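Shown below is the structure under consideration.
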Amino acid sequence: MANHVYKSIELTGSSQTSIEDAVNNAINRAAKTVRNMRWFVITETRGHIDEGKVNHWQVTLKVGFTLED
Amino acid sequence: MANHVYKSIELTGSSQTSIEDAVNNAINRAAKTVRNMRWFVITETRGHIDEGKVNHWQVTLKVGFTLED
Amino acid sequence: MANHVYKSIELTGSSQTSIEDAVNNAINRAAKTVRNMRWFVITETRGHIDEGKVNHWQVTLKVGFTLED
Amino acid sequence: MANHVYKSIELTGSSQTSIEDAVNNAINRAAKTVRNMRWFVITETRGHIDEGKVNHWQVTLKVGFTLED
Amino acid sequence: MANHVYKSIELTGSSQTSIEDAVNNAINRAAKTVRNMRWFVITETRGHIDEGKVNHWQVTLKVGFTLED
Amino acid sequence: MANHVYKSIELTGSSQTSIEDAVNNAINRAAKTVRNMRWFVITETRGHIDEGKVNHWQVTLKVGFTLED
Amino acid sequence: MANHVYKSIELTGSSQTSIEDAVNNAINRAAKTVRNMRWFVITETRGHIDEGKVNHWQVTLKVGFTLED
Amino acid sequence: MANHVYKSIELTGSSQTSIEDAVNNAINRAAKTVRNMRWFVITETRGHIDEGKVNHWQVTLKVGFTLED
Amino acid sequence: MANHVYKSIELTGSSQTSIEDAVNNAINRAAKTVRNMRWFVITETRGHIDEGKVNHWQVTLKVGFTLED
Amino acid sequence: MANHVYKSIELTGSSQTSIEDAVNNAINRAAKTVRNMRWFVITETRGHIDEGKVNHWQVTLKVGFTLED
Amino acid sequence: MANHVYKSIELTGSSQTSIEDAVNNAINRAAKTVRNMRWFVITETRGHIDEGKVNHWQVTLKVGFTLED
Amino acid sequence: MANHVYKSIELTGSSQTSIEDAVNNAINRAAKTVRNMRWFVITETRGHIDEGKVNHWQVTLKVGFTLED
């Protein structure tokens, strides 16, 4: 583990149900093209309001993945 | 959309069940007097502990709304 | 209340299901040895990813408790 | 001046031309209902992109005004 | 307490004598129009200098109050 | 809009005339290879000085774009 | 001095009179159980409001002390 | 370049027309007494409001210059 | 006022009695060599502890002064 | 230089010997696929502990590179 | 790993030779009384100057350790 | 010590070998004109990259010194 180099990217996922679901949506989408994802950290939690109610959650996260040798 | 002016206010909502519910409670209460709310961003997530358990969640958020012309 | 002195400590709890559950796990564990916990504030929300999915959530929180006289 | 109490509010103005113009638009709109505005400080400068070009600028500012006695 | 929704506003009070007095002046002025104020947090402490001496202190604070149902 | 996943990247653009122009230069260059850019936020504004005058402005911005399904 | 290792803890003291007094109260209480305290730094200054007046000040500070060999 | 030592100072320039002009005014004034200025970074953008309009812009910047050997 | 250029410097003053007194001590000392000081802002409040009591307060402040033409 | 557009990416390098070595490892790895790297800035320095000793250092850095025309 | 609860403490280590050595000194001292330390993160790097030279380095770090069940 | 007033200045030193050496270079250069330097704190660690390798380190630090009476 000590020899790995990681790269991190910033993503924003959305969900109409919860913060956790928005994170999952971002990671699921990223998994289509990024391999070896290891960790994430949430950097912002926002959302849109429509007709006086939360319409959807928007969660921004940094995702780190191992660069293969 | 480019011509709008927004104002944002800071609210704190509470809930005994979840972070999302605390946000909804704050927005529901604000909707009684504030029209045209568009977005929110969470700025702090706290809570009270009673008898060694989370008693309720307190979530602070900025809420932005359009100022009517 | 005005005469109390509080101490705060920093904990990180984990959960495979939600942010709220990770907070509960940290506070439950702390309650074994710390009395008079009053409040918490979340300072970081991270997680581990395995096989392109969130494997577990890791939430760091400060917990404040009253120092007895 | 030493005896004044100020209140500050947060606004976001937009413009298709410049950052300065977005600030002016926010202050012009606020002047319809707020008297005695004295200063502002920019807290965020964002914008929307359309077809690979900046479509409009969005500048968030705190505006301070004197509370009359 | 778990069901309350709070709003917070930002004020700046001044005093020629002390930081505490500047906070008191801001809260006294706000009490004329805002009910149910519960807490404050200082966000900035500044001041003006005249003839090589502090002329007055300017303290900015967020003040939270309960929104009535 | 609730179902989109966004990625954001960090760019620095330069200009000898203005902050706005430096932002435009960065976005114009990015548009050659990045599609579906939606928003930006300025994170730093710097510049180089030559012979006691501003030689050019350097503006760093995060740019968000939609990841296509 | 160059060989010492310090530990720092976070405390919150309260007072009905002043910020300085709240700091003193926190340090006095800590001195009952912590030896070799060397310095402190204030990290937050808050307070409670009752009937439109400051009821008590709450000051959070980090306190550093030498770990004995 | 690797052997240089830089010092940086903090200035605030003003202008009735634009942010860029306020930066230029600060650097022009500093150039009367400071040699070898190399770069600047904006740390705050504020302004004064008079009669509901921006009266002048105030931009604070750090300016770095080479210390001569 | 719109045409002035300000420079700001960082000072730390000490006092055995109060935060305000530490600020005054820093400004009094600076007034021996710096003219036209206009404002200050506190950036850090620390102190030394001796025998379980506050021995002296150390307050760091930025001080702004007008550069004469 | 005024006409360049830079992109920056975030990397984490590891080393069992020093902070500098961890930075070098990250940049060496990136150089396999990224051309025209110009500068870096360290944003976090962490490490893993094993058996009461530092096992390896983990340094996170932003790396900027010129986008070719 | 998902079920662990971590506690983190803040330490400051010193060294006359290097930043890395100051970190090692802090962790070595802590290992006398704290078991199961897993990670650290540097939060501040300072030092004392004597006769125009660095006399010793002072590095502050958070150290996380597993709370045993 | 309680009666001293300190001033702090910001410097950036460079080195081709290490972070510590860059700090030493900055302090050595400052010692030519500044007396009574007491402490420093690192505020930024950057560097230049040439041909895919670190060419030199650039470390920015605040340096505090006693103002003589």
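Just so it is clear, A, B, C, D, E, F, G, H, I, J, K and L label the chains in written order, and each chain counts residues from 1 on its own.
FYI, a residue touches a chain if its C-beta (ideal position, glycine included) is under 8 Å from a C-beta of that chain, and two chains touch if they have at least 3 such contacts.
Quick caveat: nothing in here was measured; it's all calculated off a predicted structure.
Participant: Which chains lie in contact with each of chain E and chain K?
Facilitator: Both chain E and chain K are touched by G, going by the contact rule given at the top.
Participant: Just to be sure I understand: going only through chains that touch, what's the smallest number of steps from chain B to chain I?
Facilitator: So the least number of steps between the two chains is 2.
Participant: Specify the chain most distant from chain A by Cα centroid.
Facilitator: I
Participant: Go ahead and note the Å separation of the Cα centroids belonging to chain B and chain E.
Facilitator: The answer is 22 Å.
Participant: Residues touching two or more other chains, restricted to chain A: which are they?
Facilitator: Only 9, 18-19, 30, 48 qualify.
Participant: Which chains are in touch, pair by pair?
Facilitator: The list of touching pairs comes to A-B, A-C, A-F, A-J, B-C, B-D, B-E, C-G, C-K, D-E, D-F, D-H, E-G, E-I, F-H, F-J, G-I, G-K, H-I, H-L, I-L, J-K, J-L, K-L.
Participant: How about chain I: which of its residues touch chain H in the complex?
Facilitator: Residue positions touching the partner: 1-9, 62, 64, 67, 69.
Participant: Which part of chain K faces chain G closely enough to touch in the complex?
Facilitator: The touching residues are 9-16, 25-26, 29-30, 48, 55-56, 60.
Participant: Spell out the residues on chain L that touch chain K in their complex, using ranges where they run on.
Facilitator: Spelled out, the residues of chain L in touch with chain K are 18-20, 23-24, 27-28, 30-31, 37-42, 63.
Participant: Write out the stretch or stretches of chain A touching chain B in their complex.
Facilitator: Touching chain B: residues 18-19, 44-49, 52-54, 57 of chain A.
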